[in-house]
Amino acid sequence: MLLRSNALAILVMLALLLLWEAYCRMSGVTPLVLPAPSDVLRSLYLNAHEISGHALATIGVAALGFSMSVTFAFLTSIALHFTPTLERAFIPVFVVSQTIPLVALAPLMILWFGFGVLPKMLLVILVTFFPILLSLLSGYRQAPRDFLDLMASMGAGRLQRFRRVTLPSARPAFFAGLRISATYAIVATIFAEYAGARSGIGIYILQAKNNFRADLVLSAVVVSAVLTLALLGFLRLIEWWTDPETRRRRHAPA
Amino acid sequence: MLLRSNALAILVMLALLLLWEAYCRMSGVTPLVLPAPSDVLRSLYLNAHEISGHALATIGVAALGFSMSVTFAFLTSIALHFTPTLERAFIPVFVVSQTIPLVALAPLMILWFGFGVLPKMLLVILVTFFPILLSLLSGYRQAPRDFLDLMASMGAGRLQRFRRVTLPSARPAFFAGLRISATYAIVATIFAEYAGARSGIGIYILQAKNNFRADLVLSAVVVSAVLTLALLGFLRLIEWWTDPETRRRRHAPA
Amino acid sequence: MLRLEDLEVRVADTLLLGPISLELRENQVTCLIGPSGCGKTSVIKWMAGILPPEMKASGTLTLDGTPVERHDRFLSYQPQSDALFPWLTIGENVCLGLEVAGMSRGEAWAKAAPLFEPFGLKGTEHLFPRQLSGGMRQRAAFLRTIVQDSRYILLDEPFSALDAVTKIRMQEWLVSRLEADPRGVLMVTHDLHEASRIADRLLVMSSRPGRIMADLPINLPRGQRSETALADLREHLKTLLLEDET
Amino acid sequence: MLRLEDLEVRVADTLLLGPISLELRENQVTCLIGPSGCGKTSVIKWMAGILPPEMKASGTLTLDGTPVERHDRFLSYQPQSDALFPWLTIGENVCLGLEVAGMSRGEAWAKAAPLFEPFGLKGTEHLFPRQLSGGMRQRAAFLRTIVQDSRYILLDEPFSALDAVTKIRMQEWLVSRLEADPRGVLMVTHDLHEASRIADRLLVMSSRPGRIMADLPINLPRGQRSETALADLREHLKTLLLEDET
Amino acid sequence: QDKPEEAKDLQKVSVALDWMLNTNHVGIIVARDKGFYAENGLDVEVLPYSDTNSAALLASGSTEFGYVATLAYLSARASSPDLTALWVTMQHETGRLVYNSDNEAIKRPADLSGKTYAGFGSNWEKALISTMIRTDGGEPVWDTVTLNTGAYEALAVGRVDFTLEVATWEGVNGELLGRKQSWFNYADYGVPDQQNGYIATTTKMLNEQPDTVKAFMQATLKGYEFAADNPAEAAEIMLAAGDFPNPELVRGSLKLISEGKFLRDGDTPVGKIDPARFAGMVKFLAENEVLKDKDGNVLKDPGDVSSWYNEDWRKE
């Protein structure tokens, strides 16, 4: 199904790859500058074992950072939702935080927080936290006034109203924000690794580059794209799985 | 007005800066590792002339790249809007393009396209194009069916319907997407410069880092934030200025 | 008997409505009718205890002579939309009020289940709201209101989103439901045809600031309310409403 | 005279409505009434030439005996919402149809300007739609339709979004406007009270697949259409509509 | 890698590197993997490469020892007395200025005037290149494009005219790829000859734990001596220690380091800092206004620099 709905897009991408391959063969450009897709795939295959080790490290950091980010965004969103003053005080601060160039920050983070997982996680959080937070807050605002009124008229308190109305209303917006953030989670992790790490796709890219292997750099790019798409697919699955209708279909007696 | 509505946020930021300053003074941490805000400000002042030269270069590239990006996004959005097949074929390609780690791509881009403005512009476009395109397409979809029907019943063709209904309907979504993209335009430029350039904030950061001047790195961060906020403010101004109601108020006889 | 006395609602010193006094009798349907913006919804929200904080109200509410503390104990409110939560099944939606009041899901379901049949909702228990027609949704919303066993029920334009034919059907259905299980009802509407078909008593509000400008009992049994029999009353209402707003 | 013959509309082999034949006379108001989903909007959209492509229609439309090519030349369509563009002033909205038909802004304005007074819209020319009340918006939408000088006008539930009091006012206003400037009107509604108050002729559609199940002329002059005078007709319509949908 | 049984008794210290793991670091890796550190009671962690300067990492206290590039060390020491050098790896300058052999326009440094240079964003490059051009009689003006490691590909495809390289790494790579490149040595054109690649520690560490410093440095010395004497074996140890997508580069590099007498030159002890060349380099940098003091002002007169390094660990 996924394949069918994207068949056209896959064709386009194949066409682009073919063009690229053709260009490399015709122009005779050195693979040091522009390796052909076939070179990249071959290198990917030959170095699969090594790359997958690095990929695992990246997945670990990205998963940790991203889930921390989601957790923080969720907690923050609740705090800001219940105290509009906080929202007015902090949203601009978060906006400003998005204007900081990571290239400047990443080396300093290593200096401040060492070589462990912490600085990398912080960078992933810095990149992914704000879009999730914003989408949660805008999701909360989509809770219909009438639904809240109805709950209040039944004698429900703030917390119950939040849990039973505001939160479910924010579901679609939340997942939309999650998807946007997830697109950048892997890339941010790679970037953070690039600034300093023992292993990970970022380190692999750096090694490949310092050893003058453009083909391996591009192999790592392919892996990064695959990881991101996998993460997006995984989120789709969670979204589908936690959908009230899916849940009901699983449990319903009929 | 801008000041008043953000007064709380400004207070919070000042408080954070004060905390940081206090920490630096109390802990006696070396400015090599963590310069105090006052150090940063002083360095910014002392090096204002040099930094502003670099800032100008960055502004130039960012402005060029961003306006190209907006132009391309607009043209692409029209093409995709009028041919849904193209949309199905290309949107996934653009999604995949967002999963490419810039750290890997940037040095290669410099290699492929030289160290002129071109590779930097391409990177800025890569980062900012897709959010604008998506917001335009979703904006187009917000054109009310009834409005389009009405135009059709009056005998308006596809182009006229697009110009008079679809385009104005997409205005709010377009500006929302523009703001998101603009947040990343300056950062992306700096990143691109970092990979290779003659001058620009990115180069300044690199130099400051290589010369062990954390204070100058952070000065550059401040400049980058200010530039981004200025760009956002500028977009707000354009949005206000092109608002039909503002325009009418200017021209209306009454 | 539920008495509301001297209700006044203001926003930032502008009087939106009042002073209004009215009383609801048990087992009687009162319709509150008036032009748009006169404050019908505000009256009903105040009674349900959910007036938004920016609207300042003064007035008293007494139940059989004693002032009221917790509205949710004896009043059920049904908002202008059907307000069925799209992420819950009809069954879960119907049990909502009972669960909020503290029942377990099992208890709530035991209480609600037998009512699906008489409400014509048999078989919809596991469906989601979007799978129901407008009329069925309205019945489900009403079931959710009724199942809470409140003595008084506040309905805000329950049928205004329905098309004319479904509306007529639902009006007849509501009347028969209330005959089977009588409650004290305050129903807001701006449709004079609807009000005259359903009400035991009609309260007509003036345009903003809303006051009650007529209190008309309708003694005709509902079975006999043909278009012809109601024609005079409607003409009178029309005159009242059209005259007021100039 | 505009004749529609043997219209049938299908979506993927399901018959949505038809076969339907009907005719509109010049200077006469025809109301098309029927339950929700019976296909009223589809009939009107087909006549306006804007049926969505997934709906396949067969049928002919003839104007005074000759088949019709360009609908926009003699038909004006007003959608179910008022469809005033929020980014244009009322003045610009009203000129829209004229500009689309090829007039310059100046010409269009010269033609539209004198009509603001009789439509009760004087002073709103430079306002935006959101600054107008519901009734005024509806009048502006109607002005935009009328100014195109089409011989036939198609109105899709023009008053369904208005509250009851405003609705009655607007119905009276529409009747008086059409008396001053008569056109052939086909108005869709599902409100039988509204239809009986406005129409010269009533077409009643059955539920899906919609067919015309009654064609009722109303000969009573509009000035004499009191609730009492219309009561019998309404009772009849109600019976027709309620019986159909079972 | 494989730690001895009594690992828990070992003192943990770490060493930060100046760049991706490469053959400059060979002695440290050999000492670690052949157990020299463990013999001296140390469990040494080689910190992964980071974009963060190793001098800054030292100053921040993130690590006990740092392998610091020459310029990085001298610049950091000029602005902060917290660091002290213990060792210098390369007895001769490994850096050189390269250009493509087929570039007809370049015959001598004076020809570099007006050409395009692929740079790395440090202050010293300017001092270096202008000195070379001026000494050769040219006018020191050129166009700088800061490219970082992209510089070598840019040179290879002719997008820039010249850049700086490390003979024992990029130079070897160029040769492996059969690139036709020529070079000028800095010292031939007015730049004082220098040693390359310091190992430094914090002054505090040196004062408080001289024994640890001694243990670490003596094992390190043993590692480098081994590498100098057994380049082929050292290459295999390096290859086993890290991911090197291009093993020939490592082998070739170590071969060159050995053959070029970069580590062991005559009877000079391996890693010995030469006071004269050290002072000469500082003077050169100060004159060219490369160094800044702790307030960010240009350091014109560094004064006596003998306290900038300390080789007491060599004493028995």
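Each chain carries a letter (A, B, C, D and E) given by its place in the written order, and its residues are counted from 1.
Here is the rule we go by: a residue touches a chain if its C-beta (ideal position, glycine included) is under 8 Å from a C-beta of that chain, and two chains touch if they have at least 3 such contacts.
Small disclaimer: the values here were computed from a predicted structure and weren't measured.
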Contact network partition after chain D is left out of the picture:
one piece
What chains do chain A and chain C have as common neighbours?
none
Can you tell me the least number of steps between chain B and chain C, where a step is a move to a chain it touches?
2
Farthest chain from chain C by C-alpha centroid distance is chain E
Looking at where chain A touches chain B, is over half of the residue numbers used by both copies, so same, or under half, so different?
same
Averaged-CA centre spacing for the pair chain E and chain A, given as whole angstrom
38
Report, in whole Å, the distance between the mean C-alpha point of chain D and the mean C-alpha point of chain E.
86
Length of the line joining the C-alpha centres of chain A and chain B, rounded to whole Å:
20
Sequence positions of chain C contacting 2 or more other chains
none
Please output the residue numbers of chain B that touch at least 2 other chains, ranges allowed.
33, 107, 111, 194, 209, 214
Chain E residues touching 2+ other chains are 51, 53, 56, 60, 149, 153, 157
Listed by label, touching pairs are A-B, A-C, A-E, B-D, B-E, C-D
Would you pull the chain E residues touching chain B in the complex into a rising list?
51, 53, 55-56, 59-60, 72, 75-76, 79-80, 82, 120-123, 143-150, 153-154, 157, 159, 292, 294, 296
Mind pulling up the chain E residues that touch chain A in the complex?
19-20, 22, 47-53, 56-57, 60, 62, 149, 152-153, 156-157, 173, 177, 243-246, 249
With touch defined as at the start, can you tell me which chain C residues reach chain D in the complex?
35-36, 134, 163-166, 168-169, 189-193, 226-228, 230-232, 234-235, 238, 241-242, 245
Could you please specify the touching residues of chain B with respect to chain A in the complex?
6, 8-13, 16, 33-34, 85, 88-93, 95-96, 98-105, 107-108, 111-112, 183-184, 186-187, 190-191, 194, 201-202, 205, 209, 214, 217-218, 220-221, 224-225, 228-229
For chain B, which residues count as touching chain D in their complex?
144, 146-147, 149-156, 160, 164-165, 168, 171, 244-245, 248, 252-254
